[in-house]
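To start, the structure under review is shown below, and the notes come after it.
Chain IDs A, B, C and D follow the sequence of writing; residue 1 opens each chain.
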Amino acid sequence: MAKIIGGITTSHIPAISNAMERGLEDTPYWRDFFAAYPPVRKWLEEQQPDIAIIFYNDHGLEMFLDKKPTFAIGCAAEYENADEGWGIATIPTVTGETELSWHIVNELIEHDFDPTVCQDIKVDHGLTVPLRLMYPDQNYKHLKVIPVCINCERHPMPKPSRTFALGEAIGKAVESFPGDEKVVVFGTGGLSHQLDGERAGFINADFDEECMDKLVSDPKALTKYSNYDLVRLGGSQGVELNMWLGMRGTMTGHVEEIHRNYVAPISNTGAGLQLLRHTPKR
Amino acid sequence: MAKIIGGITTSHIPAISNAMERGLEDTPYWRDFFAAYPPVRKWLEEQQPDIAIIFYNDHGLEMFLDKKPTFAIGCAAEYENADEGWGIATIPTVTGETELSWHIVNELIEHDFDPTVCQDIKVDHGLTVPLRLMYPDQNYKHLKVIPVCINCERHPMPKPSRTFALGEAIGKAVESFPGDEKVVVFGTGGLSHQLDGERAGFINADFDEECMDKLVSDPKALTKYSNYDLVRLGGSQGVELNMWLGMRGTMTGHVEEIHRNYVAPISNTGAGLQLLRHTPKR
Amino acid sequence: MDYKPDIPGNTFFNGEMAAKGYNLNKMFHSLNSAAGREAFRADERAYCEQYRLTPEQTETVLNRDLIRMIELGGSIYYMAKFAGVLGLNVQDVGGLQTGRSTEEFQAYLDSQGRGKTHG
Amino acid sequence: MDYKPDIPGNTFFNGEMAAKGYNLNKMFHSLNSAAGREAFRADERAYCEQYRLTPEQTETVLNRDLIRMIELGGSIYYMAKFAGVLGLNVQDVGGLQTGRSTEEFQAYLDSQGRGKTHG
C-alpha cells in the first residue's frame, strides 16, 4: 500500500521565488527564513518520496470567479505555470501523477466529497514556490505532484473541519492504493497575514505559534475554528491555514514534528515551516 | 420563508427543441410526448413561481474535462446558451437569481458540500430545453433560474445518495431563506437511454416506470442504487436519474404526484414527465 | 469507483478513459465553435494532428470508427459534436455502432418502448 | 456564511461583493496576460469600459483608490495584478491602504514579528 511518510508546511508567497531568482537568500532580511530549509531538503533527499500531494490555493490564475471550485484536484500527467500578472517565470514543467490521483478521486466521490476534477490546469505560485524551496536547482522532475486546490479567495470557503476531513479521506485513499509509493504531503501558504483594506499588515505571531503547536498535537482543536475566526485571528489570508489542515488530515497515524521554523514578517506574512514525520497506523 | 411549491421531471434532449422549431409537436412520432405538457404549463401559469431551481447536466459545453465539477451551482444574474456543435439557436436570455442562490451556496458550504460556484457560465440544452417545453413562446424572462449542474459525463459521478442529499440541503436552504418566493424545482434529463457503444439504443421502460413510482413514494430506495446500477438498469445515460433525485431531495414535506406521462422511445430515450405538488412540513 | 467492465457493449468513461482520450475529446469539444467545425472540415487529419491525437485516434476519426474511438477514450458527449459535423443524428450514430441501418436502429428503439397512447 | 462585518478595516469578499465586483475582477484577471497589460496601459479608461465596469469602479482604477475599490467589489487577488502593472509590491499596496509610506508599513510589519534568530 502507498504510504504517507511525512508532511511539510511552508509559505508559498511570490516574494520567495523573487528572492531566490535574485540570490538574496543570505541577506539580513531573508537569512532566517531560508536558513531553515536545508534540513527539510535533506530529509526529502534521504527519503526520496515518489509522489507529493500539494495542498495550495489559486490566487486568481486558473480558478477565476466564473466557475470557482471549492476543492479541485489534479489528475494530469504534467502541469505548467503561467503569467500571473508580472511576466511568466520560466520554470521546469511539474510532473503530474495519473494513477493515485484518479484513485483519490474515486475514493473522494465514494465518501461524499464533491471535487472538481482537473485534467488540464495551470498551477500558480501557491504550488510552484514550495517546489522551488524544496528543490532550489529546480530539479523536481522526478517528483510526481498531485495538486489539491482549496478555495481561499471568496467566501464562503470550505470550513476548516471540512478541509481536514478532505485530508483524512485523501490519506485513507493513499493507504488503500495498491502500490508501494512513498508520498509526502505539503500544506502550503499561511500563516497569518492580511493584504487588503485598512487592516492590511495584520500579523498574529502568537496565533501562528499556537497553530503550529496544535497542528501536531491537537489538530481537531484547529478544526473548530470557522473561517470567520481565522480571519479575525489570522488576517483575511489566515484562511490559508486550511491547506495546513488538509495536509494534517492525511496523516492518520503517529505524527512527530522533526523540524520547525517561524519568521515574521516575511513580506506581509508570518512564515511558518514544519517537517512532520508520519508513521502510519498498522 | 421561501417555499418549494412543486417539482417537475422532464426530458431535456435537443430533439425536443428541434421538433418545436419545426412545428412537429402534433405529428405521430411526437404527439404523445407533447400532448402531456399542457397540464404542467397550466399549473405553472396558475402558480406563478418566482424562482426555478433547475437540476441538469452539461453535455460538453461549459463543463469540459479540463476542470470538471461534481456539482456546480449558478449565482449569476443571467445565462446565455451557446453553440453546442450544431449552430447556436437564438433563444432569449435566461434570467438568473442572485440572492437565494448565494444563500444556497452559503448553506451548502456550511453543511459540508463542496460546490463549484458559477458567476458566469453558458447553459446547454439540459437547462434550456425544459424552459422551452414549459414556455413554448419562450417568454420565460419573468422566471428567475438557479442552475444546478450535476456531473453525468465522466465516472466517478456523484452517488445517487449524494445527489439526493444535495437536494435535501438545497431544500432546507430554500426554507431558511427570508423571503416569500415561490420556488419550483426541475429534475431534468433521463430516463433510460444509452447513446454509446454496441449497447446503444438500450431502453428499460419497466425500470423507468419503477423510478417514477418510487420517486414519489420511496425515493430513498432509489438512492441505494450506485451509478453502476443505474448504467446496468438504465443505460449509460441512466445516470441522469441523479437530477430527478436531486429535485426530489429538495421536497422534504408532503409530495403528491398530480400528473404523469411516459413515452418511449423519444429519440433514444424513455421520456418521463411528472408534476409533483409539494406541501412543506410546518 | 472503477466499475467492473462487465456490461456487454458498454464502456465506462472513467478516469483511465478520460486520461486516454483527453486530446481526442478536447478536439471534439472545439467543434462547439463554427470556426472549429470549419477548420476541421477543411483538413480533418491536420486538425487531429493539431490537437495531438494519437495516430490510432486520428484513424478512428477519419474512418468514422465510433466503436474503436470509444476504446481509445472517446466520450459520447464530445463524439456527438463530431457526429453533428458529419450531419448524423443520434439514431444514425446508434445504427453505426450496432451494425444497423438508421431505420433498423429506430425499429430496435421502438421494440423497447411502450408504444403510444395518443393519436 | 455571510459573516457580520465587524472586523474593523476588513471586508469579507463574499457572494455579495463577488457579484458586485465581477466585471472589475474580471478586468484585473485579464492582466494575467501581457497583451492585457499592454492594452490596459495604452488606455486605462477604455479598458475599464470594455470590461463594463461601473463609472465608480473605473474611477477607483484611474485614481488608484484601493479602499474604495474594495468597497465596490474588488478582490485583493485580482487587485494584486493591477498593482503589478503599476510596479507596486504588496508592501506598497499595504502602505497605500493604511495611509503609510512603504517604509512605515514595513516598520508596522516588523513591529508585529518576532525579530530574527539567525544572522
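Throughout what follows, contacts are C-beta pairs under 8 Å (C-beta built on N, C-alpha and C of every residue); 3 or more make two chains touch, one makes a residue touch a chain.
In UniProt terms the chains read A, B = Protocatechuate 4,5-dioxygenase beta chain; C, D = Possible protocatechuate 4,5-dioxygenase small subunit (AB035121).
The structure presented is a predicted model; accordingly, all values stated were derived computationally and were not measured.
Student: Distance from the CA centroid of chain A to that of chain B, rounded to the nearest Å?
Tutor: 37
Student: CA centre of chain A versus CA centre of chain D: separation in Å?
Tutor: About 24 Å, centre to centre.
Student: At what distance in angstrom does the C-alpha mean of chain D lie from that of chain B?
Tutor: Here chain B and chain D have centroids separated by 39 Å.
Student: Which residues of chain A are in contact with two or more other chains?
Tutor: Counting only residues that touch two or more other chains, chain A contributes 65-66, 105-106, 109-110, 117, 119-120, 154, 156.
Student: Would you please write down the residue numbers of chain C that are in contact with two or more other chains?
Tutor: 1-2, 14-15, 18, 22, 26
Student: Based on which chains touch which, is the overall arrangement a line, ring, star, complete graph, or other?
Tutor: Shape = other; not a path, cycle, star or full graph.
Student: Which two-chain combinations qualify as touching?
Tutor: A-B, A-C, A-D, B-C, B-D
Student: Which residues of chain A touch chain B in the complex?
Tutor: Answer in residue numbers: 62-63, 65-72, 105-106, 109-110, 112-121, 154, 156-159, 162, 165-166.
Student: Per the contact definition, I'd like the list of chain D residues that touch chain A in the complex.
Tutor: 1-3, 7-15, 18, 22, 25-26, 28-29, 31-34, 37, 67, 70, 75-81, 84-85, 89-91, 93-94, 97-98, 105, 108-110, 112-114, 116-119
Student: Okay, in this complex, where on chain A does chain C touch?
Tutor: Going by the criterion above, the answer is residues 75, 77, 98, 102, 105-106, 109-110, 117, 119-120.
Student: Using the touch definition up top, name the residues of chain B that touch chain C in the complex.
Tutor: 15, 26, 28, 31-32, 35, 59-61, 64-66, 82-87, 153-156, 194-205, 226-228, 231-232, 236, 262-265, 267-268, 270
Student: Which bits of chain D are touching chain B when the two form their complex?
Tutor: My answer: residues 1-2, 14-16, 18-19, 22, 26.
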